[in-house]
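I'd like to ask you about the structure that follows.
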Amino acid sequence: MKKRYLFIALIILSIASVFVGVKDITPLDIFNLSEDQAEILLTSRVPRLISIIVAGISLSISGLIMQQLTRNKFVSPTTAGTMDSAKLGILVSLMVFTSASPLEKMLVAFVFALLGTFVFMKILEKIKFKDTIFIPLVGLMFGNIINSITTFFAYKYDLIQNISAWLQGDFSMIIKGRYELIFISIPIVIIAYLFANKFTVAGMGEEFSINLGLNYKRVVNIGLVIVAMVSAVVILTVGVIPFLGLVVPNIVTIYQGDNLKKNLPHTALLGAVFVLFCDILGRVIIYPYEIPIGLMVGAIGSGIFAYLLMRRRAHEA
Amino acid sequence: MKHNAKIGALAAFSVLLIAIFLFIKVGNNWDYVLPRRGLKVLAIVITGSAIAFSTVVFQTITNNRILTPSIMGLDSLYMLIQTFVIFIFGSTNLTVANKNINFVICVGLMVLFSGVLYKVLFKREGQNIYFLLLMGLILGTLFQSLSTFMQVLIDPNEFQIVQDKMFASFNNVNTDLLLIAIIAILGIAIYFSRFIKYLDVLSLGRDQAINLGVDYDYVVKRLLIVIAIFVSISTALVGPITFLGLLVVNVAHEFLKTYQHKYLIFGSVFISIIALVGGQLIVERVFTFSTTLSVIINFIGGVYFIYLLLRERKSW
Amino acid sequence: MVEVREVSKQYGNKSVVDNVSVKIEKGKITSFIGPNGAGKSTLLSMVSRLITKDTGEILIDNEEVGQCKSNDLAKKISILKQSNHINIRLTIKELVCFGRFPYSQGNLSEEDWKHVNEAITYMELEDIQDKYLDQLSGGQRQRAYIAMVIAQNTEYILLDEPLNNLDMKHSVQIMKVLRRLVDELGKTIIIVIHDINFASCYSDYIVALKDGKVVKEGPTDEIINSSILKDIYDMDIKIENINENKICVYFS
């Protein structure tokens, strides 16, 4: 697959995305939009498209970074407790400041996501048995534990339905004025791009990086900050999108090999295309209702994840 | 023998707690209060033992002390079934007769699910058990997404009922179900008893176990099935308590410091009973029902588990 | 006698053991030698039923391994792998007790205890028998595992690179023990070994494997020979006679 094709797919899907919806707007209308239609385009359709693309890109990239840092194909924000920690953070922000502004929520979520990911990395250091399958297993369990802590508090404050409704990844709630936070991801992704090679080196291990004159701790920390930031932002604006950061980089690796610098643009593009595709599918399947993106990606993503695992086993045997 | 003394102490403490639980503030309503509390205690003892026992065996098979069969996706499947039932039929339909059917269907589906997982796992040589668990967890995440989706669509009053199912509760355990569960668990326990002698050897790892004459695949497959049934029954009976097993088995290890299963199993079972009965006492008398036991246990179990993971010099 | 007949094992498309036939006689030390990836360990694991073979037969005292009851086999043949990673904390004595499992199923009789104590004495571990395995040095630990195998009291003992990670002193110590097990107790030992000179000095019979096939087999004297070793290892190896032992010089 060439980058060009991905790009074309992205454009086609983007156009499709703008014109799919309960309110009929056809491409022909674009030149003489009624006020109604213009309103819908600007407050709902376009913001939705933008947030889809940004979320797809940034989550895929942060998955790729985590895989580089841990040298494990199956680590991602979903399988390292990052998402769940961010969720806990949002709950805490709701409890502590009853009327938290989005920015405050994001900061608290970010701090928690960072802490959670950091703890996960610490756990990795402690585990002697570094089996490729065992590590995501520990990560998912770790996420479950964080979740049980969230549940503990959510139950006390009677916020459970709130939290689950609200954190299920869903683009239908995206309208102008409620999604702009996601733009924070863009500079972060650019930083990720600049640091790409260093992440690869850091992934080889502390001793290896020091030997090459790399400030290991700093690079790892930057990586974790990027991942935590992206997770916090996406979870706040869109909600949880499971397995995205895991599936996309792995697919790219299959057809592209393991060169990070080369894979970054592919991963970004494919991430956007994948989320767009899932989103459109979710909007079409039970039209005029829609299936939230969290569920769509969750279903498709877990299928692909399972396939990747099987495939890996077959290769090894 | 010091292990025997420790087990004895645990047993005595469990009995003491149960006695307190049964007789605290009985007042004049003996006839009314005692049978109800008795049922509750029975439910606690049955599920507590089943979970503790299956976690011990599971950790032995996997040679790993940070795993528990509860994370195999069964909890999420249970929640999905419950949410689905309420989503489709609404809560009004949940009469007593339906509860029995619900229980049977739940256990059936959960056992079926594990069976399919095992089948896939054992079809090819060289698949490991972590693979099985990870598959279970991934499917569990999928089930979770599905339940969340339905939960969002359910109206808030109905959701209250789903939410009650989300947390294990010993409060309204049905007598019929309890009887079925006890018979099933005892029956399986008797079947299982002939495998007990292999557990110590299994904890040496696969190669050593085979070297010492254990028919490894045969034994492990049967043990895994027993575990799946135990977890399914206890989950369907009272609801999910994901981290109970992890908590009590690790406490048992720390407390007993032995590899011998005759001690480990009894130790874990008693600690499990102590945790549940003691926890229930605290919830009823101290928090006065403002929170549920399973939420607290998952919370404590989870935090303790992270502590275990982060502690130095451990070989997992 | 252990008899391997036309045994093969494939992983994916790769043949790891390819149509191997070998006979191993009783009362001798037989060494499997060969370069990395020759299939030595795989073959040993198949003989000891740790992994299944794809095709062929493996007979131990004329009985097919796959047909025997696992517990009966455990009284006849024992295997010690190179990576003995045990997750639980055991003392030497507890480990050695496990060796009696095929006989006792966990309830040790007086007879079993006798075997356990003899094995500990045989390996000179009495002083440290209550120490935990994780407190021991590599050599002590290896001796503890061998004590367990001795307690298991099998006719055939299979060892996969028993000298791995041991220093010279401990290596010699272990090989001497193996020699004594054969000479004094009449055991039959099969080892996978990398150090050609240990194979030369201590074994009676050598089977050389390469790319999953047997390239050469015969009494030690025959195999330790420059031209044969060249076939096996693709390098020139000079043989010197020192104190009636044939020593291979391959360092330059």
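The letters A, B and C name the chains in turn, as written, and every chain counts its residues from 1.
Just so we're on the same page, a residue touches a chain if its C-beta (ideal position, glycine included) is under 8 Å from a C-beta of that chain, and two chains touch if they have at least 3 such contacts.
Remember, it's a predicted structure, so these values are computed and weren't measured experimentally.
Asker: Moving only from a chain to one it touches, give the least number of moves from chain B to chain C.
Answerer: Shortest path length, in steps: 1.
Asker: Taking each chain's centre as the mean of its Cα atoms, which chain lies farthest from chain C?
Answerer: Relative to chain C, the chain whose C-alpha centre sits farthest away is A.
Asker: May I ask which two chains are joined by the most contacting C-beta pairs?
Answerer: A-B
Asker: Name the chain with the Cα centroid closest to the overall protein Cα centroid.
Answerer: Chain nearest the overall C-alpha centroid, as shown: B.
Asker: Distance-wise, how many Å sit between the C-alpha centres of chain B and chain C, to the nearest whole number?
Answerer: Result: the chain centres lie 43 Å from each other.
Asker: Rounded to the nearest whole Å, what is the centre-to-centre distance of chain A and chain B, using the mean of the C-alpha atoms as each centre?
Answerer: 33
Asker: Nearest whole angstrom, what separates the Cα centre of chain A from the Cα centre of chain C?
Answerer: 52
Asker: Pull out every residue in chain B that's touching 2 or more other chains.
Answerer: 125, 315
Asker: Out of chain A, which residues touch more than one other chain, so two or more?
Answerer: Residues 317.
Asker: Which residues belonging to chain C are in contact with no fewer than two other chains?
Answerer: Not one residue in chain C touches at least two other chains.
Asker: Which positions of chain B touch chain A when the two form their complex?
Answerer: Residue list for chain B touching chain A: 66-67, 71, 124-128, 130-131, 133-135, 137-139, 141-142, 145-146, 148-149, 151-152, 156, 159, 163, 166-167, 242-243, 290-292, 295-296, 298-299, 301-303, 305-306, 309-312, 314-316.
Asker: Any idea which chain C residues touch chain B in the complex?
Answerer: 48-50, 52, 69-75, 78-81, 84-90, 94, 98-99, 101-102, 105-106, 152
Asker: Which residues, counting only chain B, touch chain C once they are in their complex?
Answerer: Counting only chain B, the residues touching chain C are 63-65, 125, 197, 200-201, 203-208, 210-216, 257, 259, 315.
Asker: Looking at the complex, which residues from chain A come into contact with chain B?
Answerer: Counting only chain A, the residues touching chain B are 74, 78, 119, 122-123, 126-129, 131, 133-134, 136-138, 140-142, 144-146, 148-149, 151-152, 155-156, 160-161, 164-165, 168, 242-243, 291-292, 294-295, 298-299, 302, 305-306, 309, 313, 316-317.
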